[in-house]
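Going by the order they are written in, the chains are A, B, C and D; count residues from 1 in each one.
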Amino acid sequence: MLRHVVRRVSLAVVQLSLLAVLVFLLTSLLPGDAAEVQFNEQAGLDEVAHLRGQLGLDRPPAERFADWAGGLLSGDLGTSLVGGQPVSEIVASSITATVVLASVTAVLLVPLAMLLGLVMGLRAGGRLDRTITAVTLALNSIPDFVLALALVAVFSLRLGWLPSTWLGARGDDLPARPVLLVLPVVVLLTRTVCALSRQIRAGTVTALEAEYTVQARRLGVPRTRLVLRHVLPGAAVPGVQELARTGDQLLGGVLVVEAIFAIPGTATALIDAVQSRDVPTVQALTLLLAAVALAFNVAADLACQRLAPRSEVLR
Amino acid sequence: SSGGTDSGTPRKGGMARAVFPGAGAKETMDPHAQRQFVDIARHKAVFDKLVDLGGTLRPVPRLAQRWETRDDATVWRFHLRAATFHDGHVLDADDVLYSLARILDPKGIDRRARASLSGIDLKRSRAVGKQVVEIVLKRPNAELPTLLAMTGTAIVRRGYDDPSKPVGTGPFRFGSFAAGRSFAARRFDDHWDGAAHLDEIRILSAETEARANAVQAGEVEYAHEMTPTFARVVEANRNVRIVAAPRSGAEGIVMKTDRPPFDDPDAAMAIKLLADRERLVEVINGGRGVVGNDMYGKGYTYYPGNVPQRERDVAEARALLRKTGVLNKEVTFYTSSAADGFVDAAHLFARQAGEAGLRVKIVTGPPESYYTDQLKTGLLGSHRCGAMPIPTYISDRLLTDSQQNATAWRRADFDKEFAQAQSVSDERRRTARYGVLQQRIRDRGGLLIWGHPDWLNAVSARLRGVEAAPPNTVDWARFDKVWLA
Amino acid sequence: MIEVRGLTARAGASDLLRGVDLDVRAGGVTALVGPSGSGKTTTALALLGESAPGVELSGTVRVAGVRVVDERGVTREAAGLHGGTIAYLPQHPGSALNPARRTGAVIKELARLHGNSTVTEAVRRAQLPVDRSVLRRFPHQFSGGQRQRIALAQVLACGPRALILDEPSTGLDTVTRLGLIQELTALADDGMALLLLSHDHDLVRALADHVALLDGGRVTRQGPPQDVLPAVAAPAVRAARVSGEPARLRVRDLTAWLRPGGRGTVLDGISLSLSPGDCLAVAGPSGSGKTTLARCIAGLHERRRGHVLLDGTALPPLRRRDRTHKRRVQYVWQEVRGSFDERRPVLDQVARTAVRLRGTLPAEAAAEAAALLTRLGVSETTARRRPAALSGGELQRAAFARAVLARPDILVCDEITTALDDTATDLVLTHVARLRAEGTSILWIGHDLTLVRAVAGRIAVLDGGRVVEQGDLGDVLDAPESETTRLLIQAARPPRRSAT
Amino acid sequence: MTGRRLSPAALPAVMLLAVPVVAAVAGPFLAPAITPPDGAPYTIGGGHLLGTDRTGRDVLGLLLRGGPSALGVACCAVAFACLAGGLLGLAAATTRHRWIDEAMMRPVELILPIPSLLIISVVGVGWRGRPEAIAFAVAAINVPAVARLIRAAALDAAGGPVAEAMRFQGESRARILLGHVGRSVLPVAAADAGTRVPYAVFTVAAANFLGLGLDATSPDWGVTIAASREALLIQPWAVCAPAAMLVMFTVGLNLLADRLLGARERPRTTKAAGR
């Protein structure tokens, strides 16, 4: 086990370094550079050239990358090409909101999706199954911005129960005002719960048919226990994989939610950086998100190996 | 509901929150490097300029009580008023000279006003006593007060260098700033224009949807730059009103006049005759605006208001297209989502052009670098410009060496005439000469200005005293004169 | 304890059971015997109020006074009896173990649930060492025989009042089987009602006090074992020639392990050889590494060192074998049910061998497969069904047919007669003999020494991953040199219950 | 098995699915005939059955013309993602070489965490405005996730004795992959694919917004929803009508898939007492 973990972690390091190169290449494929974008509306071409020189963007890409990588090794994420502030500051200031949001969502998502998935799986083909399927799918196919706007219209504008944005709130206000989380988390949940619960449903259907479930039932294992202890471990395999993916979706892909609720999170920071071609910030944020995503994936793989241990001896 | 000034007696105290479109890490507290509206609003709270622009884009005194030029608009004297910086230091001529030097610093490439103020001869400019600054120009320019009112010209305290510790003479004392998020400032009681009513102002950044939601939910009192659709949404809302500033810039289509077919003024004229301006204003601006007459700055100082409105004339346009050989040809329209309505306007225009037999191929480019890209690509392009004095518009966009010469209008004689016009001290004569230049662009240039939209801000019913002023003018985003009911 | 009257089961048009009457007494062992496919498993499931997909039950089944099946089918009360009152050990327990859960956890859960037994007791009774290493392992980490006992331990952990065992001795070596017989006798003596479904007449004789013979879905005879069961007749010894030809398959110094890096050795320096037409039996206690040896030869187990040579050239692992190699070496699984795809008819699956390995046309292959299966006693209509609708013995023969259709040179048979009655065994043995006559070499893994005598010419006895004894069958069995062999032979003939 | 007919219970699903599909197929031909001339922005009524959108176009006309791109691009993208990702996942799960598995899955995991926007931007810049490029980009974003999911689901089936037995019969890898492993992961894959369709539609819409796809004036359903969202309260049809199309499509598709898969799987379950 330990060897396995060590191997995966060292692999992840290799992957991250490759990713750094890849992201660097991708960003350099984008049209324009930080200088051009910064002077979009206001300056002429010579100003752009000047700024380009000042930011060091006129140097060959390989050199720039080497510089950045060297800095990274010594723990320096570099400075932003836009604000001139250290990238680590940008990262630090955007991570709190995202982590809070993602973890609250995850804490609610997992039990909810498991519950829905199990209920659907146990009643597969029945009316309850079809109802839940239809509702979650419909919610999933309503775009999140429409859903968010509708929720805001009802719960903050009409009823006035909940705040509609995080405007003016700071990361440290959150514990004091948990209501801020309600609407964003609801939107994120509807985004993610459908896929996850459907995976668990599929797994449940398969596991319910398995001989071992039949035997456990024959041995008088009561229904709840049967579902939780005998069906769920097998049913969870696709779910865990989906969850790993949801994890990185929560961290990286909540742009719409962040924009609508004015949440200063990593997605906003990343998109900002991409749009202003702030390569060091893009690099740092992608690497961070990638590291988290990889960690999730490794965890998911390990979990699946525990849940379906047969695959271990396979190779 | 919409409206301008409120009546009623101002009340002191309270905290108001205003939200603007954000620009992430690009936002800055350096008043000379400002580029976004949210920056300008923040800087306006902390700093003052020598001169600012009034409702018709005419210079109005601020820190400079008055000014005069002796001869041919080369040597200027600005008389400062008694103003105090937040740290107690009293404004003097050296602060002004320091600020100018900082703006003109060749190493500070992000200084917004460097190019426009490059006519100032710093070495020969000097302090004449504590309260008078003498600014000497390299070439005569009657527009110096206007130039000093442009963005990026705030007066900073002598020695100011660290953007994170701004000290100004403005109505609010700097509190905190997080780029892309928030800014807070408290009232400065010793402001020369009288203390602000509010105790505290917060200026926040957020995307369109968040601004709309926040102002409707009462989480902010002021939301900047709202869409016509939003204005319709809150029409019946008693808690929110729209403050619409008329004639806040121009929207149009630019044609490249340095290459076929638009190097031929007739071809350009055909395009101008094709556009259905009323429809464009109705759809793109939601009817909140007035049609344009192919000249920038309707309603501003120097605008030749007596020129007849250009009307749509499809038959004539068709004839001109045929004459110039453009009929049934395809021209590319380079646009992007860099500004609201660009893409829609392009498509709308393409349909209108199609009615006369001109095929317009729309190419959508990346928004981040659109304005730069547009200088190189496309025969037609989307154009939009906020409120600025007409001479500034011309020098920024219509001279051979203009950086944003989107119509590729490069005519040496035009440049020369403009320079001459600028140096005319007499205002009436100057106005006449600008008028001639404007009409020349209108008839032979590549500029199709189809509309002058209103600038829409949403204001909570609690907030009073908000003026309907176009951006970049003195009463726009001015939070020292507003109060909470 | 259990009372069955007029139980019928029908699947579509065909009747699986046509009025079964049966009584199972508390404190005794009743055995249900009968040819493969006669409906034993169907009857047993009916006692639980269960039926295979597509099968309708009617009649009367009463367990501990509770109606489980009535004229309208299964009753609602049936579920209440599960585990605590009546428990069932399925015929192929391998797939009845949850792959995701440690054995100990499940046994503990069941023991707690019913509160009639303890983990230690259940594990000990199932002939497993009461050992952390056993309880912490996952099902796939056991050998076939061990899995059988784990499933048994689970059943015993429920502490039921009535116990149905479907072929409980499958995969057990004789010594273990003896231990099991003693434990089950003790349970019956304690008042448990035991229903034994088995082909293993030795086992039935040793355990049962009452035997019901099922044939064609009806109980045709009932009574004490000696009356119902046929007299002991050793299967005819077939073509026990030991060819003098040079070895075709040669295994030299084969070492196999389980975990990466050579840890967890299961086989240690095995050497064997097999000539054309020869049959080598491999015997040994459960868990001694027989299946692993078979899988090494089959190329399924890759963590190995040493030589496996076919005609002098090394046999690569399965994934690198070409078609000829695949055709020449075939393998029949120990746990057959798991090796069939649930979604396709058995016949199709069997026929594919001929299509893929011999290039036969699909239609011809199907005909050939059907013919072969018929010869083995499985009708074509049966074979056209999906695996779930086949009895254990039918499936086992289908698996055999699947391998035989390749016309292999080497056939590795891993306990392929465990679910077969004497007649079916006989059919299989006849076919094996035929294959040998055609020159196929057989590696026969089995616990049943009587059977081994009938098929094999030579024997290798494995224990703890080593060959403890190897040689001519007669020599080894008549004059065993190793302790392991001696014990296995001793335990082979369990004392009869009726005699005690 | 053969000739299985659709049960009547599947009827609602079929009907749900039919509306958007018919609209997408027949709509473009119908649209010119019934679309009234443009009106004022965001009006309801005035000869427009479903009102107008922000540039005054008839929403019904848009609805009829927006199907092919919305369903086409998204479905192609999802189909491609499921195909490529599924095959990759299956191959990785069924290979007996650990290193092949690693060699296939690690690069996939490499692109997994790259923000989709970055990928779309790059692809969109390369082939600006081409729907197939957008479909490709959206597919590329989805491939890693699908591959991982399928691999995890397939590992068990691929390692089991059935796959071994098939290998012994000399079955080709493709047949083992598709015939056995593929079929056993089908429920998981179907559950997954269904949820991806709307996701793909909105990624396409987002790409359009960034100026990288069809432009914001295209009648595409996703684009229309995104572009009209502001007017949700004054002209709800502009948002709700295309959204309803998408909801019907995904819900119908998924229910149908559940039905079909369920119909095949259910007979396997043992009928047990007390159920």
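To be clear about the criterion, a residue touches a chain if its C-beta (ideal position, glycine included) is under 8 Å from a C-beta of that chain, and two chains touch if they have at least 3 such contacts.
Quick caveat, the model's predicted, so the values are computed rather than measured.
Contacts with chain A and chain D are shared by B, C. Comparing per-chain C-alpha centres with the mean over every protein C-alpha atom, the closest match is chain A. Between A-B and A-C, more C-beta contact pairs are found at A-B.
Of all chains, C has its CA centroid at the greatest distance from the CA centroid of chain B. Distance from the chain B centre to the chain C centre is 88 Å, each centre being the mean of its Cα atoms. Averaged C-alpha coordinates put the centre of chain A at 40 Å from the centre of chain B.
With centres taken as mean Cα positions, chain D sits 47 Å from chain C. Looking at chain C, one finds that residues 48, 50, 82, 99 touch two or more other chains.
Among all residues of chain A, those that touch two or more other chains are 30-31, 145, 149, 214, 217-218, 308, 310, 313. Among all residues of chain B, those that touch two or more other chains are 209, 365-367. Contact between chains, per the stated criterion, is found for A-B, A-C, A-D, B-D, C-D.
Chain A contributes residues 11, 15, 18-19, 22-23, 26-27, 29-31, 124-125, 129-130, 133-134, 137-138, 140-146, 149-150, 153, 194-195, 198-199, 201-203, 205-206, 208-209, 214, 217-218, 237-238, 240-242, 244-245, 248, 252-253, 255, 267, 270-271, 274, 282, 286, 289-290, 292-294, 297, 300-301, 304, 308, 310-311, 313-315 to its touches with chain D in the complex.
Considering their complex, residues 96-97, 156, 160-162, 164-172, 180, 183, 264, 267-275 of chain D touch chain C. By the touch criterion given at the top, residues 40-42, 54-56, 121, 125, 128-129, 209-212, 215-217, 229-231, 233-234 of chain D touch chain B in their complex.
Listing the residues of chain C that touch chain A in their complex gives 48, 50, 81-84, 87-88, 90, 92-93, 95-101, 106, 109-110, 113-114, 138, 140-141, 151, 154-155, 158, 258. By the touch rule above, chain C contacts chain D in their complex via residues 48-55, 68, 74-76, 78-80, 82, 99, 298, 300, 302, 317-319, 323, 326-327, 330-331, 333, 335, 338-343, 352-353, 356-357, 388, 402-403, 406.
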